[in-house]
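Chain lettering (A, B, C and D) follows the sequence in which the chains are written, and residue indices restart at 1 in each chain.
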């Protein structure tokens, strides 16, 4: 029998090793797998390279992971947001690396990795500092830069519902990077608000087919990052 | 540099309306964060315009009533929004397919600087020590989407934002189509910057004095 | 108001011009927009380049379009199937061109066109005759070929349900090339078994967002290609 | 060339079972058209295997009962199939993401020829005038999916299919992992072709006589 369900966030993240490349879904708090990130903090893996659109808020979730000095390098499109304090401070002190990637290029580099495509050309960033050092090439008279794929060892993803095959559906704009991050990692680890029986998810409406998912854990009442930040909570508590 | 203390020219609301008038019925539009968001409130009667937010929603509606916010239904500025009937959700790679593949018709953006060739700088002031953050800005201007910039004509200090050459790091080269300021509507043409409309009571010379790049009349 | 609904297949295909590049959805008969193809035969456009996985069966649908000598060139992965007679004959007589493309490469070339990506690298076809004349390049020690995007002027697509914004859902394995062909054409023309009110399609389950679609026509009782072929029907009848 | 009229060796059903035994629980498997399809009928008790068909279905089930065929629910061979609980449908670009991106674990294919280095020829005999048709064959072997070939050891005319060099156009170079024939199970190793198992009553020499490439014993 196939059963990708694990009992706890701790069990789900147990194999993440020092130095791993880890993708983390979410756009701001929407879709951020906060319980998996906290389990990763407890687990202790360090020297991580983290790929995520932002760098987290306050002192919970991704921001807490960074605050605990577990992250060597961030690959993201928008490292500062209204309540991001941890990353800016470390960055200014030269204590964390940053690779800044345009958001669409980031999504496509992740997808291409999952699709077995090692490189592609894009018009994004041509003529800007973010194209510096990148190969460029003309097609039909227009200039493009070549972008290499990004692959991760693990991805941590949040979704609305999952089954034991790892089929997933998401909630509204919390979908964002989840589907491509499941494609783009060796081991995709997912927290679902609900685990349902096989066949309960409409096969026409499954967004992430289970083939892209390795582990699923139910977190039925996930924390709301913005509330924790408003209360100035700090993980671990 | 010229003092801009006199209160003449269009209000921010007028500016947003000027942009909205130039967006035809049936358009797919991406609105940047800040002033561009106001454009949605000025769609002329009888037109239907569909808003795209790059974090995965086509058919973005207005802000929800208080108490009806959903932390998982937000826009690119991470504000709470709603979804209209006929909306759809999708992942980031599909969302940027809509952008990079030129399926979006118009993008309305703010700017730090626009050059006379239509170069745009709107993501970084290049200040030492600042945390660089680009988001989707470079993707939005990379295709052939019409790019409308909405911005005050000068900085608060009266420094021109429409310049010969951008001094801030570029978002994209030759990408801006039209600039909507409090003083004028300016089209970026191959031959230079052409003033299409002046705000009430504003003269061409008044605008030129507040613009580093050379302006033309049609 | 936005209304992409048109009254008839004839109206839907009216603008297709001589020499156009036309994508046609379907894998075998599943997803083949037979009424749109028949309307295109009636309309008369010729010298077409057609991109479709197969070349049609019997003397209906795509096979009939080819039989009427409207197709100059086929771009496909599998031009012969059990009941394909028209294409093989014309091909053997040198009366139609063929560009043979591996199926996954075909899908990705179509998607990349819709995504503003002019070229990408793939391992598919390396070391085979289908890589002849293509640029190849090593990434991390493995060889890949560069593939250019394909763009079309029009695509003809079949789906299960649509609304006036052009949002689409498909039926089972009839989905196949439909979504990427909607992305990849200047003008995507869709026949839907049913047109529904705005809001009836679940926004979480829309497969093709309306932005990729230009025209929608309801064909509530589409012909079944295999039945027509079994009866040896020939279009026009 | 040796006559193969004697009815020794494994039946087609045995061959399919041999392949099925080598596919562990939880695998994602793509089965080629024809003989490979039989593998699905031989999954050992207690194992759950999920079948992918490249035309957009993960969780393909057996053929439907007569009268329950849906022309829009077919496999890559364009035969009617069913979908199991837990299945999902997707478009072609996503389907080949599963293939090219190595998410599929095993692919079982037929062959015209396999070389001693594991080159596979299974899409064209290169006959002049033949209509070339490749389908998804080249995509399936391009990644790092384990490729199992199931095939009679020789052609009907007794011509070896396991050869030094393929004479037919290649599907892919160095792609085959194991060959399951009516006479033997042969692993393609860096050092050459190694016979892992012989069919009952079949000797190594008997197999070697019907094989152009040199065979080895482990």
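The criterion applied here is as follows: a contact is a pair of C-beta atoms (placed from the backbone, for glycine too) under 8 Å apart; a residue touches a chain by one contact, two chains touch by 3 or more.
Given the structure is predicted, the values throughout are model-derived calculations rather than measurements.
*Asks:* Could you tell me which chains are in contact with chain A and with chain D alike?
*Replies:* Both-contact set = C.
*Asks:* Shortest hop count from chain A to chain C along touching chains?
*Replies:* Shortest path length, in steps: 1.
*Asks:* Of the chain pairs B-C and C-D, which one is connected by the greater count of C-beta contacts?
*Replies:* Greater number of contacting C-beta pairs: C-D.
*Asks:* I'd like the Å distance between the centres of chain B and chain D, where a centre is the mean of that chain's Cα atoms.
*Replies:* That gives a centre separation of 56 Å.
*Asks:* From the mean C-alpha coordinate of chain B to that of chain C, what's the distance rounded to whole Å?
*Replies:* 36
*Asks:* With chain centres taken as the means of their Cα atoms, state the distance from chain A to chain B in Å.
*Replies:* Measuring from centre to centre gives 29 Å for this pair.
*Asks:* Provide the list of chain B residues touching at least two other chains, using ranges where the numbers run on.
*Replies:* 83, 89-90, 93, 96, 99-100, 142-143
*Asks:* What residues in chain C touch two or more of the other chains?
*Replies:* Within chain C, the residues that touch at least two other chains are 108, 111, 115-117, 122-123, 170-172, 204, 207.
*Asks:* Among the chains present, which pairs are found to touch?
*Replies:* Chain pairs that touch: A-B, A-C, A-D, B-C, C-D.
*Asks:* Would you pull the chain B residues touching chain C in the complex into a rising list?
*Replies:* 25-26, 28, 46, 48, 50, 52, 58-59, 83, 85-90, 93-94, 96-104, 142-143
*Asks:* Using the touch definition from the top, list the residues of chain A that touch chain D in their complex.
*Replies:* 1-2, 111, 113-117, 163-165, 167, 183, 198-199, 201, 203-204, 206, 209-212
*Asks:* Would you pull the chain A residues touching chain C in the complex into a rising list?
*Replies:* 108, 112, 115-123, 139-140, 142, 144, 148, 169-172, 202, 204-205, 207
*Asks:* Using the touch rule from the top, collect the residues of chain D that touch chain C in their complex.
*Replies:* It comes out as residues 53-57, 70-75, 78, 83, 89-93, 95-96, 99-100, 119, 129, 131-139, 142-143, 169-173.
*Asks:* Please output the residues of chain A touching chain B within their complex, sorted ascending.
*Replies:* 27-31, 77-82, 87-88, 91-92, 98, 100-108, 110-111, 122-130, 170-180, 207, 224-226
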